[in-house]
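Have a look at this one before I ask anything.
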Amino acid sequence: MKPTRESCILPPLLPRELKTKPTHECGVFAVFGHPDAAMIAYYGLFALQHRGQESAGIVSSKGSDSPFAMHKSMGLVAQVFSPGDLERLTGTRAIGHVRYSTTGSSNVKNAQPFVVSTARGQLAIGHNGNLVNAAQLREELEAKGSIFQTTVDSEIILHLLAQPYGNGGVLSALRRIEGAFSVVLMGEREIIGFRDPHGFRPLCIGKKDGAYMLSSESCAFDLIQAQFIREVEPGEVVIIDNAGIRSEFPFRTARSAFCIFEYVYFARPDSTIGGINVSKVRVEMGRALARQHPVEADLVVPVPDSGIYASLGFSEELGIPYYPAFVRNHYIGRTFIQPSQHIRDFNVRVKLNLIGEAVKDKRVVVVDDSIVRGTTARSRVVNLREAGAAEVHMRISCPPHKHACYYGIDFPDPEKLLANQCTLDEIRKYLGADSIGYLDPAGMIRATGRPEKDFCTACFTGDYPVPYDEKFDKYVMEKRAGRARLLDKEEPRLL
Amino acid sequence: MKPTRESCILPPLLPRELKTKPTHECGVFAVFGHPDAAMIAYYGLFALQHRGQESAGIVSSKGSDSPFAMHKSMGLVAQVFSPGDLERLTGTRAIGHVRYSTTGSSNVKNAQPFVVSTARGQLAIGHNGNLVNAAQLREELEAKGSIFQTTVDSEIILHLLAQPYGNGGVLSALRRIEGAFSVVLMGEREIIGFRDPHGFRPLCIGKKDGAYMLSSESCAFDLIQAQFIREVEPGEVVIIDNAGIRSEFPFRTARSAFCIFEYVYFARPDSTIGGINVSKVRVEMGRALARQHPVEADLVVPVPDSGIYASLGFSEELGIPYYPAFVRNHYIGRTFIQPSQHIRDFNVRVKLNLIGEAVKDKRVVVVDDSIVRGTTARSRVVNLREAGAAEVHMRISCPPHKHACYYGIDFPDPEKLLANQCTLDEIRKYLGADSIGYLDPAGMIRATGRPEKDFCTACFTGDYPVPYDEKFDKYVMEKRAGRARLLDKEEPRLL
Amino acid sequence: MKPTRESCILPPLLPRELKTKPTHECGVFAVFGHPDAAMIAYYGLFALQHRGQESAGIVSSKGSDSPFAMHKSMGLVAQVFSPGDLERLTGTRAIGHVRYSTTGSSNVKNAQPFVVSTARGQLAIGHNGNLVNAAQLREELEAKGSIFQTTVDSEIILHLLAQPYGNGGVLSALRRIEGAFSVVLMGEREIIGFRDPHGFRPLCIGKKDGAYMLSSESCAFDLIQAQFIREVEPGEVVIIDNAGIRSEFPFRTARSAFCIFEYVYFARPDSTIGGINVSKVRVEMGRALARQHPVEADLVVPVPDSGIYASLGFSEELGIPYYPAFVRNHYIGRTFIQPSQHIRDFNVRVKLNLIGEAVKDKRVVVVDDSIVRGTTARSRVVNLREAGAAEVHMRISCPPHKHACYYGIDFPDPEKLLANQCTLDEIRKYLGADSIGYLDPAGMIRATGRPEKDFCTACFTGDYPVPYDEKFDKYVMEKRAGRARLLDKEEPRLL
Amino acid sequence: MKPTRESCILPPLLPRELKTKPTHECGVFAVFGHPDAAMIAYYGLFALQHRGQESAGIVSSKGSDSPFAMHKSMGLVAQVFSPGDLERLTGTRAIGHVRYSTTGSSNVKNAQPFVVSTARGQLAIGHNGNLVNAAQLREELEAKGSIFQTTVDSEIILHLLAQPYGNGGVLSALRRIEGAFSVVLMGEREIIGFRDPHGFRPLCIGKKDGAYMLSSESCAFDLIQAQFIREVEPGEVVIIDNAGIRSEFPFRTARSAFCIFEYVYFARPDSTIGGINVSKVRVEMGRALARQHPVEADLVVPVPDSGIYASLGFSEELGIPYYPAFVRNHYIGRTFIQPSQHIRDFNVRVKLNLIGEAVKDKRVVVVDDSIVRGTTARSRVVNLREAGAAEVHMRISCPPHKHACYYGIDFPDPEKLLANQCTLDEIRKYLGADSIGYLDPAGMIRATGRPEKDFCTACFTGDYPVPYDEKFDKYVMEKRAGRARLLDKEEPRLL
């Protein structure tokens, strides 16, 4: 027998240097009333893989007569599930989850969905987002006697749901949580999907063969040939059971705050959000960028894959030829052996190799979606210079990143963000570029065709729709041991 | 990256037919104050492997300043831990557990130790035994809002410990649980070991290099060259912390009820229990059996390994030569491919091959420790007859098994126990033996040198020291779904 | 211990349906005189992964004093080698190989490099190509007493090298083999690279830190920052040893016959072959295609990744906007679970999802590099039609494939090639396209800037530079058993 | 896909210190004409596992119309084969092999059976023993052009069989090899078994369901309920084909030289060799030992499992009670983590724990089958002394080991054998025993009931039946590189 392991420590998924992009947070999927529920969820997660590549899981149910079946593991969807695993996930209902940890350590214990047994029967949950009052809720629940098995804020939602309430049922529980949350929840009789009142993260409804589905993004419906119905509204609770689909709106009304970075980078280009195709928004961002920061050049070169559509818009707006001079290696996989000292900038070049001949003696515009730390962007410029590019102009299809995200995206610490350390000209010099240009906030928003008030732009502007105390949270959620002193409490003792 | 999996279903460890013995329940080990705490726990579990071969785990701690480290997995101790796993289990304190499930399904989720975070800080638990009021406690806790992640009764103890109590601390929690429990518990400042007031399962105290240890059996201390101090008394709570070791006796006094089957079969022959070496008790049982059921014969043949010492006693008492005519195959491992139809009784013979020449034309006494279903014993007799044995006499070193165990041992359903289906002579005929003899209860007890009132003999006599409602328990603990109707409750609904 | 397995049968790497392209044959790499030889070879193979994804291996050497070290396995380069594996590959010399079987079954036994011990000392070989006289040579060698452990033609080269020759050394051995072969060979004192006199497959020379290297393609030198020196000439034998690098030309002169399909599809776009960058050749092919088969349309949509550069050329030549409307899923990995019956054309869509909004009501030109069976191309057209494309025009940047390749490429049987079954208009109808256009042979060749006489175009024209008897080969090489009757020989018997 | 690896270096199977016994060499099994041939071979290997625990393999055949199917791997039989592996091993004929390397490194490449294709068709071989003229034959074959893929002498037999001979067929090939060899060989039409003319290693013939079988030991026939027919005679070649079974005797007559250590230690106690059951021979050895070295004592304690039967004979002869005071741990498995420095003699005690109470204040005789290095025996004595034994007397059921074995057994270098370093009294002092006694050669031989001339006793006496040049062999077979200088040859160069 091959032992099944549950271990507290897992090797890093990718060499740290490769994590040059803000990491996606999570993706959720649910299906109610389909004979192949687990299989449908599997394909749904497959299409949402870009939202979380650390762990994947599915929980299925036959209804109130049998226990939920679960399979989850560290790894990609295609690695986590074998045909036998899917066969064991019987039932016509299923929820699934892919995860890239923002809270909780990288650990199979923290992989979702979570399944528990409560006075309300069995519950399974999958959560995309980040609660801002997790620490307070956890302190409160522990004081009442709750025990916690993970460091993930999603476990708190389950505890709240399990508390004895009056007739209000779970809606009163949901009113306690604050922050960003797009959640799928499976009980013994229904599947529930809900989105926080600000609508930070996407969630949408689809239908196939008469069965309703929920998905973080619409691209999952394309793959399984389901019909896209509509998005779940901010603050909406959608209940799907044998009687059909219905909605509740238990939350206080709040300003809309959809994460604009989903348009810029996170969402798949083939998804539709807010009625607009994401790739088209990116082309528009490229056009706006070209108008704001035009340049005379011979080639527009995208950084694949995130910069492709903005590059095309930039190229078309200025009539400069587009050339994919960076070639992506599709085989690097999730692990490879660290570069020897003999090879400089290996990690940057192993992902993308430059076609040197294409840029030699050319004035090149490089278009990417964002700059975080700047090390990768700098290597690209060096790469182009060494290949003989006459000029290198860097263009970025969003404003400079200066602030942390508390709503589910894993940016580096703000002090490590390049735009917090340098002026625009210092950035240009650091990168070694001949010029640099960022799209401004207004241009970015205008490219979506939606009004500014719809969006959260906190990572650019520092304007946070929901307040958050990072310090308190870290001590309570992650560093359980020793927190007594930090919170001026007596040390715990058993006897 | 090799994914780490957590799956609800695990392939069977052994072909069912091979499980011809009642399966051991669990073994626990703990060490406080040793620089190699996890390594010591690893070797301790190694020596306790016979008590549980399904999963193994260790949790270690550096004290109240850091999070507990955990590693657990399905498999044998030698499979579960790599050197790297042990290195990551830092700290001077550790508890460990090996498990053969009696409650809860075979599932890494149910593998122990469990670790949780509570208002009393981090807690880790390892449990040997079975609570008889688990279902009631669980109903009560869920009604208060507790959520359950496993179907193992040990999780209930953690919930009780996490409840807000007054100054009584955890002792008042312990008074709530009933049944069989030898438990090791690790908090942020101490390790606690306790044994139920009946003392169903063993637990003893050792010392090495100044550090105190707890172990299910004393044989673990031999391996690590620790000093055996004494057994934990029934109803005793032992607290080990930086101040040393001390005891509490929170439970109501109860009659002693140590499982006599530990002497007959479960414990390792090199363990000392109640001041007596187990192998010597078995030799005495063989002698008593010989006196109660003497026979004229040429050879005494043990069924290895469980029948060896009783065979020797039998052989010596009657002066009949001892011959190990059954040869054990040490390489069958935990899985092998099922026999083809061409080979009869394969599973029985693959474990033990008979030296036919040794028994040809001989009158043979076969001595084993117990008969459960009878299928294996029958195959042994057939085997001897085919090899040409002149007579085959079966002798069993304990009384017939007729009743279920509710205190931690996994017998088959009582209706499948051979002794419940047949008279003594029918058993003899079924086995095909020339004669049969079981040791009677009085002889069995006398062989231990301890008084009858010390023991639980429920599996032989049906006299249960603590009452138990099996039906209620099964519905609540294992079959969560659908229990509403069974308990005449309304079906759970979320909204 | 986790057993290391050598098994005759391996599960298929990819669902058959996904193999819609002719599969690459092999890639080879070698390095002599570098302290990190195995590491350099590892990165080299990494960059050559597109040439073979079934198995990978490296053999390293310290010279004539110690045994060669080897590690090879089924899988991708990043899966096959762990850091520990590379550490064990000590020495300053190494050869490596990636493989996609064209001869020999998919089996670790057939993975290269091969290592043997001969009267000339240890030999290791890595081979890209296909011998056309393998069967004859094998018959001849077996008759002399040689034994074969694989069904791979490369083993034959080793046998020839091991034969006792006069002073001619290995050069006389090399003269015996015919067909396509770019080979790296390591002896105890030297590394040898050679290319068949027709030069079917590429092979080039690089240099880094004073050490010479050989690689199938120049893109490997980019990754490790080695200097590209030149290509090995057709018929050239390059010997690298402690004395430096030198050449021999043992073969009879032959017409040049470089595989033009390397330009069209096989080689990486960032490689340089024959002095010309591959991506630029593909842009030129797209321009020529546009001139030969112009069309009025709104969008040019590439089939990624193979159609990207030809699409750009097509778009630029006609001034029709380029739009990457097919989005590639980067996470399908090497295995995923087969689609349920509920999802049509799943395998095609899981790789590429169409951005429906981008093509709605548009006249679309789809550009791809080739059509083999036609099933995938057809699904793409259906996909576009369902998304509402007004017109769909298919353009292919090479002529129709009609003939088998005997020089190392794994095409389907000629009767399964779409262009052999249908006229041009039937193809158009089968695909459901509004129009279809293939680039003609002259246009294809002109795009390379090289003369027609340089190339093998057999798969388009049926004009084979070297004759080959497929029937004889199959019986002898793959179906050893039973061949006696087929060859009118007596059945083999031992006694 | 989980890669299948073939690597040159494998982690050690067991901590070196645990290898305290000479290791078994190999076991072979064959079956011809049974519908479940591979399954039968699997069970046969299972029963022969004690003869080789490093690798296992089976090759099956349907006859001359199809290729042989093979599965082999490092590991135990139960680990190496999955049900699917066995299903793929189709056909009515099969040969199998278990291996503990004596020549060739520990490497899946060296795992047997070997399969090759030759002018005589496909051949598969499994070999138990050691050729003494392997190096000469290999030099000769390489000079003719043969290539070698392993360092195992068995490959040489295949090369010899593949050479072009006249009408003599393979018999003339067999006459070339010298040394110890019990071989099973599968061609396309027959299975052949042969034993060297001295008969060093066992080989016997069985029958089940009309199908003939060959096995190293008769215990394999018991497990599959086959009938034991007879042993293959020294120098006999048994041919099994569709016409039945027949014999040839191609070798020159030679003195019989069966390895007496098979009786003492290697063979399973339930096997019958030379018409005598092995366990009975061991009891007789114990009796003879008691007569030669009697002692007054309270207990006879066997070292399990190898000393059990000799202990019983010793106990019975002198009337001293037998007590299995060492308890074997059945769960150590093939790997476990090395002991920390805190625990002395851990490796010895982890295998066997002493029941201290049983030996306290007792005069103990410890009986084992042999002493090799003496470190383990010494630890046992220390163990007994620490437990309070009054006296410790060591008795060994064979003479002192002083010489290397060249016929298939892996003893330590002679200079590391305890009996070569010390006088008898020094051995006693080193072990810390009160007395020591070895069975003398005459007594050992008499216990078998067979004449002295039947046996090879070279490891005790240094009287080698077949001469052997170890130095030449090592350089040629294992250290291929650099051998040129050692053999005064020119260094190999290719060009």
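Note that the chains are named A, B, C and D in the order they appear, and that numbering of residues resets to 1 at the start of each chain.
The working rule: a residue touches a chain if its C-beta (ideal position, glycine included) is under 8 Å from a C-beta of that chain, and two chains touch if they have at least 3 such contacts.
The model shown is predicted, which means the values in this text are computed figures rather than measured ones.
A centroid comparison over C-alpha atoms places A as the chain most distant from chain D. Averaging Cα coordinates per chain places chain C and chain D 47 Å apart. Centre-to-centre, using mean CA coordinates, chain A is 37 Å away from chain C.
Residue positions of chain D with contacts to 2 or more other chains are 76, 79, 334-335. If you sketch which chains touch which, the chains form one closed loop in which each chain touches exactly two neighbours.
Chain pairs that touch one another: A-B, A-C, B-D, C-D. Put simply, chain C touches chain D in their complex at residues 1, 3-11, 13, 63-75, 79-80, 85, 88, 108, 111, 114-123, 142-149, 158-159, 161-164, 169-171, 185, 187-190, 192, 237, 239, 248, 334-335, 479-482, 484, 491-495. Within the complex formed with chain B, the chain D residues making contact are 36, 39-40, 42-43, 46-47, 49-50, 53, 76-79, 81-83, 86, 208-209, 219, 222-225, 268-270, 272, 277, 279-280, 305, 308-309, 312, 316, 321-324, 327-340, 342-344, 346, 349-350, 353-358.
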